[in-house]
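Consider the two complexes below, in which subunit A is the common component and subunit B and subunit C are the respective partners.
Right after this comes the complex of A and B.
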């Protein structure tokens, strides 16, 4: 099953929510990224059939989403907002929502129990949601989204308010869902958390698609910002001199105290191929090598700001 | 292209082809409202029923021996008796609508929960019918059920079939009247609930809409057709026709009926505008 978005636009009067989006999403975890007001939530609401597209097509598994109960049954949605009836218990909340998917009572009970257990909120299941902490509310929201074991899962800021342990287990859970062949779409602006879940991203800004694909591939395509590579080695000065001979190396900053240098290169692929050769020829021992700006934060920064 | 495990367990059993989501919404709502104070209210609303049942018993068994019963119309068990009983329940009905109905949609809007429904196989009508069933259930519990029970009591206590032969149509009138009241008042309270995020505001507005025009038409009774401004007066006028009674107001029954239909259509219109999963802040 795939999600196909073709020329999708949504406007509210004169306000454009999303503008002419085109992309495909397959199984696995995909991150929807963008600053506040970028159109992430509008896009999720279009994908979950809550909004009708103004223009374009939105197809899941060869069927349009809007007003399509067959598709809606396969969707799990964990909203960003605390969409709760505070007077319900956690169990009642999950159970009543899962029944709407057409499960018989016994099956719905079993699935509610399983989802609540998965989200580790069994102890609070009979308490009113009104008395839940933010983290617990987040867990119960997740439970209602996964209880019917949907093939497609939309998670809008799923880690909001969770404690570090909860975050870690939820990240693992999301990755598991992705590995199980589900389409999992995680919308977030906490970049390092998305990075822990996936390297597949869709970057949106001002309702437009800014970038789509693998974070590292996208990073490589941003030629306006040279890639930074930090190297820790034993002969910092020598390696700096050798590297400066090449045209693609824009600058080298070295830090003698820590025995490391940071290189800015326009052609990272060539640079990475060349570096081991230089190290061998110059007898330089490289202890570690990493790219401080080859991460989601940097990609996001370069594209959005 | 990664290879996925496909190990999640989709449901291979028989899903209902079109789940009765309205019923799930209704049942959850009914269950949640069935609390101590609601039980007390329903029990209090049954006091007139017991009084009327005693009246039926006395009038059926000893009516011919009580002189006053032959002259005082309100003591007699006829179509007017059932109509009067239902009219008397209007106060409890108002309370039920305020308590059960005012928060039904307002709370969903307050908690921003509408999209939780609409991202599932639930459409507008599933949602509205589900919510309406909640107020309809409690409304019918204190009007339709006791009304029909009173008729049964009268039939069971009868020594012959004279009453039944004469008034066999009363259960239909009771049902029709209750349906009319529930649809108009229930629709109105849902519309007001949808128009607000506060159950209290919806309740106050509903109470005002029901009582003030009613008071006004009583004050200005000399103005021809003034009753048309009051929901109560229109209901009374139409229901008097249903029970074969004299019309209490000087306007056409059909005009009254048109006003009631108008209220229902207006309520649906408000619901259509307000019950949307996503609210756009511009």
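Right after this comes the complex of A and C.
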């Protein structure tokens, strides 16, 4: 089974959600990557039949998606939105949605039990979802998406709010689904998250497809993008002097009042490996470190420039 | 469909709107209790408390509680899932959208019916306290008929308000205008324009107000809103069922053709 997207556009009045998209998706994990507001969620809503295309075609297994129950039967969907019937327990939530999928009671119970176990949320299954943490809510959303063992799985920002262990488990689970030959589509605005799940990505920004293909190609481009790193430490002048000795460091701006410096490097990976060593050797205490432009938006701006 | 119905019934029970409706449903009961407290005074005026049931059921139930409860439940049929952002869970399931709407409407009719009829039964009981068994029994058939008319009314109003809730941005305001503006005002109009109201057909089915004169409660207002019977009861029932099918069909159709663009978190 394949997903074919042909000249797909979706607009709401004057606002364009997605614009003239063309791609094919086959079995395995595919990442929809793009900054917030890029059009990923609109695209997933189109693919899950919640929205009707304004123009173009959207075909899954030779059939259009809109109002097609044969397709919906094969789809699992984990929405980005943190929305539930909060009075339900985790068990009731998954069980109810599986029953709506048409499974008889006994089978729905068995599938609910299995999905809840897979998502490791058994201890909280009898508590009301209203009392769940963000991470638990993400897990229960995932459970309802996988419980009917769909052939196609759409996961919209599935790792949002998950703790590190939950993220690791979910990433492994997504990879497993992909390895089983299912079509898994994961949207994210965090590059390294997608990188851990797949090497197939579709880059989207402002509703347009920027690139499609191997993530390592994109990664290579990103790695040459000059990166700004802001460091707060106790010896600003000394660290500035030490960092300036390296070729890849393009510039350093320091702010003595706030004990911080901003470095621009065109080899971010090397820089990050080198920094702890310099700090140790020079006895510099680093309090914090962040990259103001490390977000995907900056990288996209760089890629499309 | 059985599971879906029980799911939506449970949804309704946990909805804040249901609590508000229950509070609203206490208004006629409260009025009946006030009348009960003034029973000695009313009896001195020659008014039997039990004889007030027709007026109370007409004004407080048919013209007040029925449209209000229908409005509260009906506008929430689609709007609740949109506001709570739970609609995607329902739309990505292979259950036909028409079945979802029909089941939600049915659940609303059951919830609304229970609230409405419980309130009616309590009001009836309060007004019948201290009356003879024969008076109680003679009024009981009226109670049953009023209950039937209210359920028919719910059957029409609820999907109508459901349609409003799925199509316009401020369905409650529009619904209030319809229920207490159009429905009430047009009932006073001469000619055939009242055929375009739901309440006209409910009036035809409503038990006659014959007892009003016997207790000297004949009022211009009641005479105006109770129309002369121009069409038969059977025709009225058929028209009301037709309206139910039309509005339920239109609401179901909405989910097929209209997209609901939910705001992202």
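We take it that the second predicted complex is superposed on the first by the 217 of 305 C-alpha atoms of A that agree within 3 Å, B and C clash if a C-alpha of one lies under 4 Å from a C-alpha of the other, contacts with A are read in each partner's own complex, and residues count from 1 in each chain.
Here, contacts are C-beta pairs under 8 Å (C-beta built on N, C-alpha and C of every residue); 3 or more make two chains touch, one makes a residue touch a chain.
Only a predicted model underlies this, so the values are computations on that prediction, with no experimental measurement involved.
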Give one word, clash or fit, describing how subunit B and subunit C relate on subunit A after superposing.
clash
Which partner chains sit in contact with A:52 here, subunit B, subunit C, both or neither? Use first/second/both/neither.
second
Using the touch definition from the top, say if A:180 reaches subunit B (first), subunit C (second), both or neither.
first
Once the structures are superposed on A, label A:113 by its partner contacts, choosing first (subunit B), second (subunit C), both or neither.
neither
Looking at A:151, would you say it contacts subunit B, subunit C, both, or neither? Reply first, second, both or neither.
first
Thinking of the overlay built on chain A, is A:128 touched by subunit B (first), by subunit C (second), by both, or by neither?
neither
In this superposition, which partner touches a larger number of subunit A residues, subunit B or subunit C?
B
Go through the superposed model and pick first if A:272 touches only subunit B, second if only subunit C, both, or neither.
neither
Going by the contact rule set out at the top, does A:6 touch subunit B (first), subunit C (second), both, or neither?
neither
Of the residues on subunit A, which ones does subunit B touch that subunit C also touches?
12, 45, 48-51, 67, 69, 72-73, 75, 77, 79, 81-85, 87, 96-97, 99-102, 144
Subunit A to subunit C touching residues, read off their complex:
12, 41, 45, 48-52, 67, 69-70, 72-73, 75, 77, 79-85, 87, 96-97, 99-102, 144
Can you list the subunit A residues touching subunit B in their complex?
12-13, 15, 27-28, 45, 48-51, 67, 69, 72-73, 75, 77, 79, 81-88, 92, 96-97, 99-104, 107, 144, 148-149, 151, 177-182
With touch defined as at the start, can you tell me which subunit C residues reach subunit A in the complex?
3-4, 7, 11, 14, 84-86, 88-97, 256, 259-262, 264-265
Considering the complex alone, what residue numbers of subunit B touch subunit A?
2, 4-11, 13, 15-19, 21, 24-25, 28, 32, 107-108, 111-113, 115-123, 277-278, 280, 282
